[in-house]
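What follows is a single structure, and I will ask about it in a moment.
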Amino acid sequence: MNTFGRFFRFTTFGESHGKALGVVVDGCPAGIEFSEKDMMPLLERRRPGLSPLSTPRSESDTPEILSGVFEGVTTGMPVAMIVRNRDARSGDYESAKELFRPGHADYTYHAKYGIRDYRGGGRSSGRETVSRVMAGALAMKMLSGRGMSFESRIVSVHGISDPELFEEEILSAKSAGNSVGGVVEVTVKGCPAGVGDPVFGRLDAALSGAMISIGAVKGVEIGDGFSSADVYGTENNDLMAADGAGNPVFLSNHAGGILGGISTGEDIVIRIAVKPTPSVSSEQRTVDIYGSNRLISTGGRHDPCIVPRITVVAEAMAAVVIADSYLSMRAYGSFEGSEK
Amino acid sequence: MNTFGRFFRFTTFGESHGKALGVVVDGCPAGIEFSEKDMMPLLERRRPGLSPLSTPRSESDTPEILSGVFEGVTTGMPVAMIVRNRDARSGDYESAKELFRPGHADYTYHAKYGIRDYRGGGRSSGRETVSRVMAGALAMKMLSGRGMSFESRIVSVHGISDPELFEEEILSAKSAGNSVGGVVEVTVKGCPAGVGDPVFGRLDAALSGAMISIGAVKGVEIGDGFSSADVYGTENNDLMAADGAGNPVFLSNHAGGILGGISTGEDIVIRIAVKPTPSVSSEQRTVDIYGSNRLISTGGRHDPCIVPRITVVAEAMAAVVIADSYLSMRAYGSFEGSEK
Amino acid sequence: MNTFGRFFRFTTFGESHGKALGVVVDGCPAGIEFSEKDMMPLLERRRPGLSPLSTPRSESDTPEILSGVFEGVTTGMPVAMIVRNRDARSGDYESAKELFRPGHADYTYHAKYGIRDYRGGGRSSGRETVSRVMAGALAMKMLSGRGMSFESRIVSVHGISDPELFEEEILSAKSAGNSVGGVVEVTVKGCPAGVGDPVFGRLDAALSGAMISIGAVKGVEIGDGFSSADVYGTENNDLMAADGAGNPVFLSNHAGGILGGISTGEDIVIRIAVKPTPSVSSEQRTVDIYGSNRLISTGGRHDPCIVPRITVVAEAMAAVVIADSYLSMRAYGSFEGSEK
Amino acid sequence: MNTFGRFFRFTTFGESHGKALGVVVDGCPAGIEFSEKDMMPLLERRRPGLSPLSTPRSESDTPEILSGVFEGVTTGMPVAMIVRNRDARSGDYESAKELFRPGHADYTYHAKYGIRDYRGGGRSSGRETVSRVMAGALAMKMLSGRGMSFESRIVSVHGISDPELFEEEILSAKSAGNSVGGVVEVTVKGCPAGVGDPVFGRLDAALSGAMISIGAVKGVEIGDGFSSADVYGTENNDLMAADGAGNPVFLSNHAGGILGGISTGEDIVIRIAVKPTPSVSSEQRTVDIYGSNRLISTGGRHDPCIVPRITVVAEAMAAVVIADSYLSMRAYGSFEGSEK
């Protein structure tokens, strides 16, 4: 349940205010140069405390590789990585331990487990994505050697699609004690045709599951997504032609780089809908664990909009999915080839 | 890759024009009454040849249970089920064996495997969903004993949301040699709070991956989905209150019945975007396996709109996901309970 | 639980007196020539009714491939295979439905599931191994293209190691209404160095689990096995030297072809202990499902010694394990190689 | 490959002379009291440097729980645990980095990965079992609440079965620069009937695979094991009778507590063969990574006999297997029971 993937498989652990966040990647091939430095720029993009757009919680998010890398190169053994929590303030959450915060997982974790680490959401906190970014950094490093890269952009914030207004919109919500969401688009460049598996291992299915597994994501589209439901087949099909060298090329990319669950060689395009942060300063109705009506203000340290920081997490999830399917392709490609 | 789930786990097999479609469910508890009759009404809903809206291919889709059911009750052993293909016409596809049909998986399967069963799409055909419906029938039977039910409705066809116009729109596209898509909504009723697992086993992630694994599905939303990206946190949060009996109730359901990846006890609501069938009668540009430019008309036997027949497949996928997570809840619920 | 392997993964199904036995291999690479004829000689070796040494139950064991093979070659899609039961006689077991046969799984299945298919042991019958042999046939075909082969021999029957006395010993036990066991050795030839994974994916661990998963197997050894516990390290170590071409060779093979869970390139040697068939004609004490003391004679149709027929099953299990680890090696071999 | 189990699932990581050894248990139910103190006595039993029978390497083996335990109780989230290496001496291994030590995994890791952490065996070192003991401690704690306990004893050392001579035999081998192995028996007490799954999830298969996954183990037996191959069926069957309360009891336990892969309620008995430590002081023939003949003495810090320290590892592996199957029983027990 905390394990992702079949080939490039990793398990994450850690709570918002526990000792550490971490991940163990069990399924990384040998021979990839990798060090803490490969993670730093990605972790920096999701690090809290850097701007008025994010939570003031201050964490250096310094990663440490515990295993699986020898003399700067992966050995094929499990790569364990951790980030210690520094600015954990359990005391801040004492008052909320008996309350279910609206829009958070408090009630459902309580219903399921009977016990929960209530400090800042515990395991259900967005802080959990530190682990994903570390795994994604390793996946990106592996795939960069095959010519792949990962990009993302904010499509809209609170329904507004002009990038110059994004920051203003977020700060406006923040000053009103409110929060906003948005839409993010991730593009994978350089992925060759043939990545992805039939039926339940489809690349689009894996990407979708991966994206919605990020807290706050409520929808996902591949290529034209929901728009494709509104057009004719002749408008939606991506026609093909031979290029000068006789290689097949696609004349459009409505499909978002995936047909039948397998990559076409075109850019892979995924869009995700991010809900507004559930933590808001204004008072909201809720109940406590004893079933009494209560009012709650979830001010504290939180992001008025998670969209800017979620971009790198979405890239990381795209990377681990591609890495997973890429290794599958190595295993199951035509057996009558010449490799040993 | 053709296996779904961790607990209610099943593997599907079969090609469009092969001998049979089938599924083996390995992970169904003992003690559930189940027979071929439980599958018939569901298979009937996706069966081809029933109306001018669907392909004229005629299949009786008669299921046969091969194992795992004894004296009408599941034994806990694998339940294998098959449907034999009757109206397979391999000859129809002889002309297309060297061509990549636009919008289909022909090119990607060729790129990945070097070999493919080109008859009607082979494994990538929508006919593969027969297996899913059989597995879904067993999941629904299991969950109905816990008070759960599965419904679906067509939200729109080709952008039109008036149900009275759906059939007209589809037939209009058909007569023009074209095709259309649409949006389908699935609702799960009666699911208790606590179903779903943290992080990568989140119920919304599992549902999304399951839905997009259905061919032709290009987008998925949970609850308010993409709309939630456009509103304030105070608008999107589902507040709670105590009912007369002191039980917590939600005052709205923007979340679609899932918080933190775990069910809240409210209706679970999923919407999917279905692309227009890629098979159209008008000529389209493509290439053949030798890299030459060609023109293709994929008339033959096909659906002008897959939306009506996909509804039961979407329900089936919702059912297998819930069944999977429900069994997980049994395994991992608080250990200090009184059961043996 | 009825699924084996991570890469060359298959799920078996079927009961002794149900409709069919079968297997779905989900994880076979594309491009392997395979047909029913490849299974026939192996199925013939385990087929009942062929000699006075085996049960008189008469089954033709004719396999049918339902999917995954197109024009005689695997496509990378799931390969489903079944054998229909012919000589099922449910009536024979009516008297035993309330009794727990000593040495059989009747009591434990009853304790676990509350329900069981009591006809001839149902799922726990040795007839289940038909599925394993079919999967093994595909694995052997795949590996034969890489120069690997699988052999086995009977080491002893009822403690006697002279092959000329095996048949006599078995018939003697049969005429006394009793049964005997023995020891079987499987040898894998041609397996290159590097097959197997660290720690829990060790080749010796996988082989051992696979062998003991065969009903009636109560012990397993790799290489010198239990004997190695009785000698000095200097006697047990396999020393190495360079051959004329400068390639490392082992000067002995006490390890049975596996070091650190990974193949050395030497013959892989496994021995298994097979218990005497629990079905015997003489009366034995047991209880019924109501808790009353009873006497039972499990005469009927059974093998006085399962050893001769188990050899091909053991070879099949060795083959699926090697196939599984071989595909893993393809996925995780050094990533900086030249393949695409 | 470094992940064990399906329900009580854990992933281990770490090398002999890396930064830390660790394990993440993903699949532990909520509600189990657990702290570092529960691990200490078990880690102490396998800790090096405690007696002349073991390696002089000095490690305190102090465990740290990083996640999944809140206020002393498991929360259902992943439990990550690490032990930092203290007495790592990479320099000691400089001379051996180009040599394949006989009986070790040096050659096979080199053949498979092209790169290896050569310091003290890296990942293939017995030090890896620290992780297993930590996972086993959690499994034992979980199962102790259901009345189960785990014991082990040394059956023989170097073929000698008198316990008074074990130490003398080991010290004698040590003073001769040699090493010895032995046989260990593990007994699980209090396991109820019904634990274990059919076919490939059989409890005996899982236990065997788990045991042989421990480095140095070359054979495994369940119950009478290899001896059962030499007796008549009437001698090997465990007859049943009703006790005074009408409950079925077994009159013997040749089966070692498992029938058809499922526990009978009797003691579960497993025996393993442990080979002599491959590290010996006398010079042995080998080759280096360039294919040249060399002589090697693997004196250094090593155990003359791993048997005394392996007992707790074998108990730990038995515990994780039982925990895994026990959770499976919770998930798949009869569905028509009264639990929610």
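Going in written order, the chains are labelled A, B, C and D, and every chain counts its residues from 1.
The rule we apply is simple: a contact is a pair of C-beta atoms (placed from the backbone, for glycine too) under 8 Å apart; a residue touches a chain by one contact, two chains touch by 3 or more.
Given the structure is predicted, the values throughout are model-derived calculations rather than measurements.
Undergrad: On a CA-centroid basis, which chain has its centre farthest from chain A's?
TA: C
Undergrad: Which chain pair is joined by more contacting C-beta pairs, A-B or B-C?
TA: A-B
Undergrad: Measuring centre to centre with CA averages, how many angstrom lie between chain B and chain C?
TA: Measuring from centre to centre gives 36 Å for this pair.
Undergrad: Between chain A and chain B, what is the separation of their C-alpha centroids in Å?
TA: Inter-chain centre distance comes to 25 Å.
Undergrad: Give the residues of chain D that touch two or more other chains, as numbers and ranges in rising order.
TA: In chain D, 1-3, 12, 27, 30-31, 76-77, 112-115, 123, 198, 328, 333-334 touch at least two other chains.
Undergrad: Within the complex, which stretch of chain A touches chain D?
TA: My answer: residues 1-3, 9, 11-15, 18-22, 24, 26-27, 30-31, 64-68, 70, 73, 75-80, 82, 112-117, 122-123.
Undergrad: Which bits of chain D are touching chain C when the two form their complex?
TA: 1-4, 12, 100, 102-105, 107-109, 111-115, 123-124, 128, 156, 158-159, 173, 178-183, 193-202, 204-213, 215, 218-226, 228-242, 246-248, 251, 255-256, 258-265, 273-280, 282, 284-287, 291-293, 328-329, 333-334
Undergrad: Provide the residue numbers of chain C that touch chain A in the complex, in ascending order.
TA: Of all residues in chain C, those touching chain A are 6-7, 27, 29-32, 76-77, 142, 145-146, 192, 198, 327-328, 330-336, 339-340.
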